[in-house]
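Multiple structures are listed underneath, in structure tokens.
Two complexes follow with chain A in common, the first pairing it with chain B and the second with chain C.
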Partner chain A sequence: MSNMLRWQGKNTGFELIHPGLQLTYFAVVLVLTMTAMQPVLLTISFISALLFSFCVRGWQTTLKTLVILLPLVIICAVINPLFAMMGSSEVVRFGQHAIYLESIIFGLCMGMMLASVILWFSCASKILSTDKVLAVLGGVLPVVGLMISMAMRLVPQFTERGKLIGSVAESVTSARPLTKRDHITSRLRIVSVLMGWSLEESLQSADAMKARGWGATNKRTGYKRYRFAAFDLFASLALALLVITCSVLAFVACSQFHFYPTMSTLTLWWGYIPYALLMLLPLVVRIVEDLRFKWLGQA
Partner chain B sequence: MKRILAKLEIPILAFVPLTLFICASLQITQAAVLSLLVALAAIAVFFANFELSKPVLRQIIPAVVLGALAAAGRILFAAIPDFKPVSAICIVAGVVFGRRTGFIVGAIAALVSNFFFGHGPWTPWQMYSWGMVGYFGGVLADRGLFDKHPAAVYVYGFFSALLYGVLLTTWHVVGFIQPLTWQSAILAYGASLPFDIIHAVATVTFLLIIYAPWSRKLLRIKDKYALSGSKQDARL
Partner chain C sequence: MTELKDFIHSTKPASEPALSIDGLCFSYASQDSNTGTQMAGNLLFSDASMCLPQGSFTLLTGNTGSGKTTLMRLIKPELAPTGYRKGAINVFGRETTSLSVAESSTMIGYVAQNPETQIVCDAVWHELAFGLENLGTSQEAMRRRVAEVAYFFGIEPWMHSPTASLSGGQKQILALASILVMQPKLLLLDEPTAQLDPIAEKNFLHALFRINRELGITVLVATHSPETMTDYATGALRLEDGKIEPTPLSAIPAKAGIHNKLQIPHDNATDSTTINCRDLFFRYSKEEPWVLRGFDLTVATSSIHAIVGGNGSGKSTLLNMMAKAIKPLRGRVNNLHSSSQAILPQNPMALFVGDTAAEELKEWQQRCDYSDEEIVSMVDLFNLKSALAKHPYDLSGGEQQKLALAKILLTKPKLLLLDEPTKGLDTSAKRELATTLLGLRAKGVTILMATHDLAFVSKVADNTTMIFDGQSACSEPTQEFFSNNIFYRLPRIDSTTNELNVAHEKSMREDESKTDS
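And then the complex of A and B:
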């Protein structure tokens, strides 16, 4: 029950749409972020990812991620000018090596791109829980979906069982590791036992699954049912329209912009607005949902 | 459809490094996305192929367990950079269960462990590269190389880890360094070489420890649960 409540606390309006659409949205946003190497578009994507992360993952977790991401951006900004000696406005010169402003900016943009991609990914993994991914994959790739979910479940199980095998060895006088050498061999034995145990047990559970009718029907059912409602159709059409507009606009923006040899000047342009709308979409949905909820509470 | 996909297996796997090469030689600006899409396509074709071969539930279990074990091993050794057992486990899987299982173990290990390390544009590349480590392990075992020369598996282990490093560095160089010059490429390879060597040494170390006992154990399980001589093996 408490799990249920916690899950509801994290529910954003974005989760009202079909999981397939959610998956598509994140895929589109990631591809656009990776392709649109243009400072303004990258900044829009970065800020949107950051705001969405504050909203979905909480500000504490997001700040922790930022502590890791900021050095990454700085490293990119430092490394690129060392690798790519190109540009026109010289900043420093070490003998033959010149550091140019343009390549520092390119490095910064590259770092920001990586940072936004990581942020988007972490938001996506929060929203797209394993059961949703399985529900989407289950229809198309039932075997692969099952494999991934089984492997995901096995990793924490290995940790528990490793401890269990270790404590069993500890309690048996003849198997108890005494010297440092013993400790190493005992670790290796634990892993080996773990492999045999888990593999045989998983094979048995595969047989059990089959005996209980796994794969008896062609179409698999999921734990939760997701129906593609009329609203989802409307949402996918709207999303498709927005994505096409944004792709064209991003293409125009990127082809008009260049880093080398001199960076193009950036101006205010109406074309950034649809792009920002796409990137901020889940956040906007969330805010609208919150406001509606408040309004309903007052009424 | 099934046949076309089965025939596509080798071309699409070979097409991934080829794309990197083409992107590098033509200095394509959108190399990062283009190569990412090709890597994704390669993985998709491979998995679709596996899906269409309609494997029996039992037969996917070794790949799942070994993939999860490799992922857990990567997490366990996370403290030591690049010292990870993933490649060694992929090779054992490829040798014992064939090249397809080898690929899938590598792909699953990368995918699952990145849920703990963080996903990013590198995920498909790690999936592909570790998949190839297992795949070639299976191919070489099929040719009987490891039966004839038992030491060859360790040599392969060393070079497979280097192959993994080269693939990932090439992706980084082609996708993220602009403009790409010979000097910058060599600098990047040089910077990654020490880490690749650590990975190679780790792979050989883990192979020395696990290869013989695990192969024996896995072969026994394969016999016990009648996993060989199956439909899927016959088609290979």
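And then the complex of A and C:
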């Protein structure tokens, strides 16, 4: 059971849409986070990523990640002013070297960006299981999809076998290697058994593929587990609209903002709202889904 | 696309035979094929003919090396070996050599011996769709056919599992299902159950029976142990001296069993124990459920101790732990002979390194210091003479099992750990194995085996432990075990049918209902 759950991924609200769209969402969020170098936008992205990570990866795992990420942010904040001696408000001065507040803030923003990207990536890997990525790939390139699928089976099988051969040889203690030479050959033996076994099996697998019509047509099709429904079209349009709005707003926000020599003052602005909506979207969907099931349960 | 209904009707008995072979001659292209005389000696088939009516379930028997596999492969054009060939093979009135790849794969299905090698993809759903993808089937048709087949075999619950996580039995069912999804009318199976444990074998045969009777698909099974299949079959053929002869099902080799007289009373029973462990806990990772949780085991010196239990109950894990290949998370394993033990793994391939069976037996000769005479007597004991020159991989499943056992026995272990020793063995081989094990016990060897095969256990084991839910549910002398158990036991058999197979089959049905529930 645990295996199956791992394969299908947890209930995140993302299952409602096509994997292609899921992939697009994460790609967009990552690109925006990496390009929009503006404190408010970065904070929005970081908080959203953090909240979503609590939601899909659990608070324990997320806290463990934070333990690594926070020092990273601090290191960035410390290192940047040492290399970029720019800004106007001097904090301390070591002889020739001045440390400016602006460059500390720039470093903090850099660190936050890195942290957000890492958090978004770990959330994405939780939701975009390999079979989803393959489904997207397999739809476009069936043969590449198949090759990856075969490799995904063979590589773990290979390592697993290597371990098995070694453990069997070690378990036969009545014939355990005695001399140093025996010990060295036992390593070689594992490789030789593994190669022979795998080659033999690959021949049989090739037969099994031929017996099932491999190469019968030039136009191989790919079985699509996910279909692109009308809802997905609607969702893509809505997402596209949101993304365009956010990109324009982010561009405006970034071009009006500068760190050096003096940092621009940040003001309350309506333009942050669509950006926050985009970043918090998965969380909102998740909460709505949870509430829906709660109401259903009570009804 | 043909609907399943039409499909069934179209394969209902008609005048045309499903498969007919006329005057088939074949030899592998090893020698000069210009002169007929040189060929004659090597002919595997000479003027062989046969005919399978539609909807039949036929067993193809014959000794090892009689050419069962070659014949099966000759029928399937993509797998046909090259060589000198004469005569006609017709499937539903079509000459097989004239079939296109697409036609052949939708007419003739081929399932081989080892489920492991027939699986190509990493996920079950992809494996099912693989053949249809090859044929360029449209999305809707593919979805429908995969759904139909998944329901027929009850695959739905594990549709999204990785194929690597399946049991051997599930793998072979999947291999069968992914052939049937292409809707063949003739199904060829080459020793499909040789790699399966008795319960999985029974499940597989049930599935095969349903395909034949419910869907009307013609089935031809090559097997060296036809006695397990006679209940399902409608006819049998025997390959002998290059000819194919029909044989009545009743003439299938006697259902000879291991008789009670085999029970050699052992006098050297001692109070000493070879293995002793208490309160073992183990799981493979933090996310996975416990395999063992508080398992106790005591194995008396020079006794045969059997561990029985369902699939995935932790029998193999336990054997590896006794061999100290894996460590328990809690508890201790006391193994008196841990420096002089040998293990027979579930897949004997893990032991083979040589180019021939003979080399295999010599691998540890220097290290363990055994003479050539000992090898010869071991070869005689396991009847492996004909296999000596062959590559271990080319041997049948049963022969591989025997070779692996011979190889580890030559190292003269004091403790023998056997994982499913009767897998792939026919009745006579099982009987030989039982005799060998009892002989070893008489010499003071301690044997611990994990097996499904209750009939075998009842004949050779001194003590039996049933593993359930990570614990030892009971551990008793075998006779008491079987008389105290009401459900998990051999059925009462009257004296006239005191035969292994009958007992075997019934016990298997019991096992099945246990594991199914």
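Keep in mind that, in the parts below, the second predicted complex is superposed on the first by the 206 of 299 C-alpha atoms of A that agree within 3 Å, B and C clash if a C-alpha of one lies under 4 Å from a C-alpha of the other, contacts with A are read in each partner's own complex, and residues count from 1 in each chain.
Here, a residue touches a chain if its C-beta (ideal position, glycine included) is under 8 Å from a C-beta of that chain, and two chains touch if they have at least 3 such contacts.
All figures in this text were calculated on a predicted structure; none of them were measured in a lab.
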item	value
Which superposed partner A:S88 touches (first chain B, second chain C, both, neither)	neither
First (chain B), second (chain C), both or neither touched by A:F106	first
Partner chain in contact with A:S192 - chain B first, chain C second, else both or neither	both
First, second, both or neither for A:S122, with chain B first and chain C second	first
First (chain B), second (chain C), both or neither touched by A:D207	both
Partner chain(s) touched by A:L146 [first = chain B, second = chain C, both, neither]	both
Which of chain B and chain C A:Y223 touches, first, second, both or neither	second
Contacts of A:Y260 with chain B and chain C, given as first, second, both or neither	first
First (chain B), second (chain C), both or neither touched by A:G215	both
Where chain A meets both chain C and chain B, residue numbers	142, 146, 150, 152, 192, 196, 200, 207, 209-210, 214-215
Touching residues on chain A, where the partner in the complex is chain C	2-4, 6-8, 131, 142, 146, 149-150, 152-153, 156-157, 160-161, 164-165, 167-168, 170-178, 182, 189, 192-193, 196-197, 200-201, 204-205, 207-217, 219-225
Of chain B, residues touching chain A in the complex	29-30, 32-33, 36, 47-48, 50-51, 54-55, 57-58, 60-69, 71-73, 75, 104, 108, 111-113, 115-116, 118-121, 176-179, 181, 184, 187-188, 209-210, 213-214, 217-218, 221, 224-225
Complex contact set, residues of chain A against chain B	31, 34-35, 37, 80, 82-84, 86, 106, 110, 114, 117-118, 121-122, 125, 141-144, 146-148, 150-152, 154-155, 158-159, 188, 191-192, 194-196, 198-200, 202-203, 206-207, 209-210, 214-215, 259-260
Residue ranges of chain C in contact with chain A within the complex	76, 78-79, 100-102, 104-106, 109-110, 112, 114, 116-123, 125-126, 129-139, 142-143, 146, 158, 160-165, 175, 178-179, 182, 287-289, 320, 323-326, 338-343, 345, 347, 349-353, 364, 367-368, 393, 408, 411-414, 417
